[in-house]
C-alpha cells in the first residue's frame, strides 16, 4: 500500500469547485443553454386580499403564439407541498387571493419580447377585501408553541422586574443569483427540473404532488447555486412546479428565471416579529424568572412558519440558566407575501430580545452586563428552558473569554460629531433539526468504491457556497486514508442520489458529514476483504440518549449547541444618526473546524448579514407589498460598509460530530444585531428596541432623550 | 459591428441597443458574466472595456464597437490561473461564486495600479461589487495578498 | 413589438442633426439610468432609437482657462475625479463624484446624463447649483438656476443636446451627502454650500434640486443661526421609501450647520 497521504480535515484545502468558480466555467441555472427552450413568466395578483372575479385574455392578441397555464392545467393537487396544504400553486378564477404577488397564471413563449407582450394583454378583475396588514390586526393563528419550566409567578415582591418589548423587521436573503428553474419534458412522462436550490427532494415532492408524477418521473437536479441562506429552501418548489407545468403544456423545455425585481417582490422573507419580555431578578442579579411572549408574522400562507416559531421559542430565553421560564409563542397570518426560511430561522429574532434584556437588567441593577452574563450563562450540566441537560460541548465561557481577550482597546473617534460605542452579545444556536426532526427524516447517503480505485459520495446535500463538496471530500478522504483527488461527488440529482435531507438547519457537516465519515470507514474496512465496485448506504440513527417530547416541548431540543460571543464597535454620527459598524470580533465554539477558512467564511458572511439586518436592510410596506423591490432600494452592505471582522475559532468537541464538529451555518446570524444595539447605547445613551436601527430612528431617539 | 472579446475578434449583427450582458451570455456563449440585478447595483455583470471596469447591463453593445472587452474567461492565461484567481480559491474569497467573476475583474483593475494597495483601497475599489456570502473579509485578504 | 435601434453619430454636428430629425430618439451617454429603464421598459413614450453620445469626442474632455473650467457632457466621473483642473478648482465636484462609490458607475456616469435626468436626488446637481454653472447646449447657454423647471423636467427643448458644463473659478464649495450606506446609495439629503457668494443647494428635499433662497439671504447677511433656521422654510421634503420628511428637515439643518462651521473654521474646505 502507498504511504498514507497528509490528512485534510482541519486544513484549509482549496475549494473543490473553486477553479470553475474563478474561471467562469461554473454553470448556474441561467448559464445552461437548452436548445428550443421557451421563456416563462408568472402573472401575479396586484391586490393583497380578495378574489379573482375574472381573467380576460385580450382577443386582439394571437394566443396561439404562447402557452397559457392556469389552475385548471394542474394534473395533481393545486397545492405547494410543504407542511400544511394551504398554499395553492396557482389561484383559480373565482379563487381567493391572500397576498400581493400571489401567482395566478403562467405564460411561456419562444422569446422574451413575446411573453412580455402577452403579459400586457391579460386583464384580471378582482373583488377587493380588506387586508390584514400587520401583526397587530392579525387574528388567524398558524401555530403556537408553549414552553414551561418551573413556575413563573405573578407576585414578584422584593424583586427587580424589567419589562420590555422588542421588534424585528423583514429581511430579504438577497442571494446574488435570483431564483430560477428550467423544466425539460423527457420520455416516459419524465420531467427534469434543473434549478437554483438547496433541497432537491423538497422540490421532488412538490413536483410529484402537483404534476402527479412518480418517484422516477420527477427528476430534480441542482445546478451550481449562487447563494441560498434559506431563501432557496422551500421557495424553489414553486418555481420548479411552475416551470414544469409550462413545460408539460408546451411539450418543450421552459426557462423560468426571475429577475431581481420579481425576486424581491414575490419571494419569502425573514419573519418579522414582536417579542415581549418580563424578567425578574433578585437585587444581587440572580435570575429568578423569564416570562416571554413572541408573535411572528408568517405572511399569507403557512410555509415553514411552525418550524420557525419552534426554533424562535426554544432559543427565546437566551444562553442562560433560569429556574422559571414561560415562553408563549404564536405565529399569525397577514395578507402579505408568505415569509419563510432565512438563516437562523427564528433564533435571531428571539435572541435579539433575550440579549438586550440582559443589558436592560444590568442597567437597572447598576451591574456590568458582562458580569451578569457570567452569572447567568448556561454551563456544562445546566438545564435549558426545555429541560435539556447540557451534557457536553458547552462553549459559553470559552467564547466570552476569547472575545473579550481579542477585543482591542477602543480608540476615541476622529470627528467631534461622532460618538463611539461598544456592545457585546452571547448566543447559542442548536445544531441540526429540532427535536425529532432528524429521526423522522432518516437522512440517507450512498458511498461507492468504484472499479477504477476512486470513491464517490452520493448525497442530496447541496453546495451553496458553504463548502459541502469540500468538507464531505475531506471527511471521506481521511476516513479512507487517501488523497482528496481520489474522492468525487455524484451530482445532486434525485435520480442518482438518495435523500440525505435538506441543506438547512446547520446540519450538513454535523449530521450528514458524520454519515459520510461512517460510510467511508465501512468501505475502507470492506476493501480489506472485497474488491470494488462496492456500495453502502448510511442512514441517520437517532442516538437513544436524545429524548424530545413534541407535545410538551420538553427534552433535548437539539443534539448539541454551538456558541458565539460577539463584540461590535460602532460609530454614530450625532448630526445624522448614521450608524457605522467599524469592527466585529466574534469567538465561536464550533466543536471542530473541519476547514478553518470555510468555517471563518460562514461566520464572516453570517455576521455581515446580521449587520445589514440590524442597520440598513429595511422593507417598508405599501398596500400589502414591499416598497423596497429593487436593489436600488433594498440595500445590503457593500465592501465599504462592512466592518473589519475578526473570527476566533474555538474547538470544544461534540462527541457525535465528525471529528467533534458542530453545525455553525446559522449561529453567526444571532450575535451581531443585539451587540450593535448595545453599542449604539454605549455611544449615545439611547436604547433602541427595534431593528433596523435606521438613522431616522437613531436621531429621533437621541432627540427625545 | 466588431469588437475584441478576450483577445479574440468577434462580430455581431444584431441590434446595437441590446445590452452587452445579453450579447455576451446569449449570443457569444460567454456565460461567466452574470446578471444579479439588471440595475447597475450589484456588479455581478462587471466586464472590462479597454481595461476599465463597467457594468455590462448598462452598456449597449453598439457602444463597444472597436473596443477590447475582457470577461472572467479572459483572465486565466491559456488555462493557467492568475495569482489573484489562485488566491481567491485558496483564501476562501469565493463561496457560492456568483459574484466572483465581477469581483475578479474589479480587483484585477485595482491591482494594475502602480502603488501598494491598503485594505481601505480595496474596499473602495470593490464597492460596486456586492457579495452576500463572504462578508468581504477574505476577498480583501485575497486581493491584498497579490498587491505589490 | 419593435426593436430599439442603435445610432452612432460620426460627430457632434451629426448627433445634433440626428437628434433633431429622428422621432422617438433618446440620447445615450454612460447608460447608468437609460439602460436600466430601457431594459425594464419603463420609458414613456417608449423610444424607437438610442443615440449614442458616449464616443463623440467633442463631448469629452476637461478644459481650463483663467476664468473657468469646462467639462464635456459625457466626460466620466472617473475622469472628473482624476482631473487636475477639478482637484485644484472644483474639489467639491470631485467629492460628489466620489460618493457614487462604485468604480463601474464612476466610469460611466456623466454630468450630461445627470442634468438631463434632473433627478431631485442627483448627487452632483447641488454642487452645480452652488458653483452657478452654465449648461452649454448645441444652441445656447442655460444658467443652472434656470435649468430645473419641475419634477424631472428641464428647460431643454425637445431636440436640444447638452454639450458641456462650464464652472466659474474662485469659489469654495463644501459638500456632504447623507445616504443609507457608504457607496451606491441614493441620498436621503445631499448638500453643497458656498459662503461667498451665498449658495445653499440641496437635493432630495424637494421635487427639484433646490436653491434654499431664504437661507441664502440670511447667509448673505452673515446670520449663521438665521441661515439654519431659514432653510427649514425653504425645503419641502416628503416621506418616501428612503427616509422621512421629519428626518430630512432635521438633518438638512444639522448638515448645513456643520458645513457652515467647517467653512468658518478653515477657509479652504
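Things worth noting here:
Just so it is clear, A, B and C label the chains in written order, and each chain counts residues from 1 on its own.
Definition applied: contacts are C-beta pairs under 8 Å (C-beta built on N, C-alpha and C of every residue); 3 or more make two chains touch, one makes a residue touch a chain.
Owing to the predicted nature of the structure, the values given are computational and were not obtained by experimental measurement.
By number of C-beta pairs in contact, B-C leads when A-C and B-C are compared. Taking the mean of each chain's C-alpha atoms, the chain closest to the overall C-alpha centroid is A.
Per-chain Cα centroids separate chain B from chain C by 28 Å.
Note: centroid distance chain A to chain C, computed from Cα atoms, is 42 Å. Looking at chain C, residues 40, 101-102, 182-184 sit in touch with two or more other chains. In chain A, the positions touching at least two other chains are 261, 632, 638-640. In chain B, the residues that touch at least two other chains are 38-39, 41, 124, 127-129. Touching chain A in their complex are the following residues of chain B: 25, 29-39, 41-42, 44, 71-73, 75-76, 81, 85, 88-92, 94-101, 104, 119, 122-124, 126-140.
By the touch criterion stated above, chain A contacts chain C in their complex at residues 113-114, 116-117, 261, 417, 575-578, 580, 616, 620, 627-628, 632-633, 635, 637-641, 695-696, 699-700, 703. By the touch criterion stated above, chain A contacts chain B in their complex at residues 12, 14-15, 17-28, 30-31, 33, 173-178, 224-229, 259-261, 464-467, 597-598, 600-601, 604-609, 630-632, 636, 638-640, 642, 644-645.
On the side of chain C, the complex with chain A involves touching residues 1, 40-41, 101-102, 178, 180-186, 188, 241-244, 246-247, 250-251, 254-255, 257-258.
Those residues of chain B that touch chain C in the complex are listed here as 15-17, 19, 38-41, 43, 46, 52-55, 57-63, 65, 106, 109, 124-125, 127-129.
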